[in-house]
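Below you'll find the structures, each written out as structure tokens.
Here subunit A shows up in two complexes: once beside subunit B, once beside subunit C.
Up next, the complex of A and B:
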């Protein structure tokens, strides 16, 4: 069993915040560590359509499970941001230099995570940790 | 101008054949600028009585498309207990016991009602939350 620890620290002397939270990422409803991971780095250019960053599993048994993803917008121009969507639903705008870490349900095969770059090309870094992800049969050409 | 730092660390020595060590540090700023976020709601805790859906953040109380950031933590210690987290009626994911999340929030009320809702999987669960914003 793998132990993967996710820790957040939020500090602001001006706002009076000193927050720390840490968790070991576990398989659905258990204390057994997650063992499936994917990660990468890329760039997304300004486009009218969203780009699929993470595709939800096509296998129904993989859905409604404990999965987490991390995404960081590596752009340095403060006016560039990523619009992060779950399929058609906007979650929020990830500004240049910001990161996010959130659960991902893979509710159905259209629960993909989409990103759209706005105002300029955004480099990004991501990682996803999954309880289950079943490979589908290949389709011969 | 307030300076607020959010740091993520992801570590594992046995998930892969090589050690995993990801660190990301963000200085949280207002939308499209380098000015620091100026306001927060929370840090707070909510006790949920039953397994009905609760609205945690009502988008109509906030300004669209600001640099809102939401922090959530499930304070349960029972591994099987989770909160279903929804944004604009779409299930984002399940936040299991002890787990936390940190994500941007559009608070959009123009094209959709972008409320953040939570549904606990059991009675009497506790959620920790905070909103950081530039509105």
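Up next, the complex of A and C:
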């Protein structure tokens, strides 16, 4: 069984905030560690408009499961940001240098994660950890 | 101007992949830090009804707001559905983000155009830890 650990700490002396949390990412409804992941780097330009960074599975058994998604905007110009969507719903705007981490339900086959660069090209790093992934049929010759 | 710092560490032995990143929460398109936070709150749930955790009008839309949530329980069977939800009682207008199982946490940018809601998977006691950071 693989072990994947996600740890966060948030601090603000100004606002009196200090927290720390850590979790082991597990398969749907169990304490068994996830064993499927994908990660990579890329860049998206403004001209690209919205792009699907992660496609939801076309297989119903893969959906509504325990999955986790990490994204970091590697741009260094503070005016560049990524608009992150689940299908056509905006989750939020990820500024240069920012990261996000969230569960990803894959509620249906159009629950993809989309990103759009605004004001300039954004390099990014992503990782996704999944409970299940069914290989798709090969394309006939 | 306040300084709010969030660090993440991801380690896995699926491969040798690891991440360690730090960010200072800033206003959109600016080097100035976010000024406002609700603080970290705890909410106990005793039914499976969906509840609005962050209302869209708490923040200015299309800015650099962020939301932190954590299921403070330990059960890997029980979870919170987290959704972008027009109305916590409505069946439509929902985009489910995902499930937060015991101990799981999330930190996301928040658009502030639609409410964020959670719905426990069980009527047994469950507690959510959450906080909002905004311009």
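Operating definition for what follows: the second predicted complex is superposed on the first by the 139 of 141 C-alpha atoms of A that agree within 3 Å, B and C clash if a C-alpha of one lies under 4 Å from a C-alpha of the other, contacts with A are read in each partner's own complex, and residues count from 1 in each chain.
Criterion: contacts are C-beta pairs under 8 Å (C-beta built on N, C-alpha and C of every residue); 3 or more make two chains touch, one makes a residue touch a chain.
Predicted model only: the values in this text are computed from it and were never measured.
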item: Superposed partners subunit B and subunit C on subunit A - clash or fit; value: clash
item: Touching partner for A:91 - first (subunit B), second (subunit C), both, neither; value: both
item: First, second, both or neither for A:100, with subunit B first and subunit C second; value: both
item: Which of subunit B and subunit C A:123 touches, first, second, both or neither; value: neither
item: Touching partner for A:59 - first (subunit B), second (subunit C), both, neither; value: neither
item: Subunit B and subunit C contact sites that coincide on subunit A, given as residue numbers; value: 2-15, 17, 19, 21, 23-26, 28-31, 34-35, 37, 66-68, 70, 72, 78-79, 81, 84, 86-87, 89-95, 97-105, 107, 111, 125, 127
item: For the subunit A and subunit B complex, residues of the former touching the latter; value: 2-15, 17, 19, 21, 23-26, 28-31, 33-35, 37, 64-68, 70, 72, 78-79, 81, 84, 86-87, 89-95, 97-105, 107, 111, 125, 127
item: Contact set on subunit C toward subunit A in their complex; value: 2-15, 17, 19, 21, 23-26, 28-31, 37, 39-40, 62-66, 68, 70, 76-77, 79, 81-82, 84, 95-101, 103-111, 113-114, 129, 131
item: For the subunit B and subunit A complex, residues of the former touching the latter; value: 1-16, 20, 22, 24, 26-29, 31-34, 36-37, 39-40, 43, 65, 67-69, 71, 73, 79-80, 82, 84-85, 87-96, 98-106, 108, 111-112, 114, 128, 130, 132
item: Residue ranges of subunit A touching subunit C (in the complex, touch as defined); value: 2-17, 19, 21-26, 28-31, 34-37, 39, 66-68, 70, 72, 78-79, 81, 84, 86-87, 89-95, 97-105, 107, 111, 119, 125, 127, 129
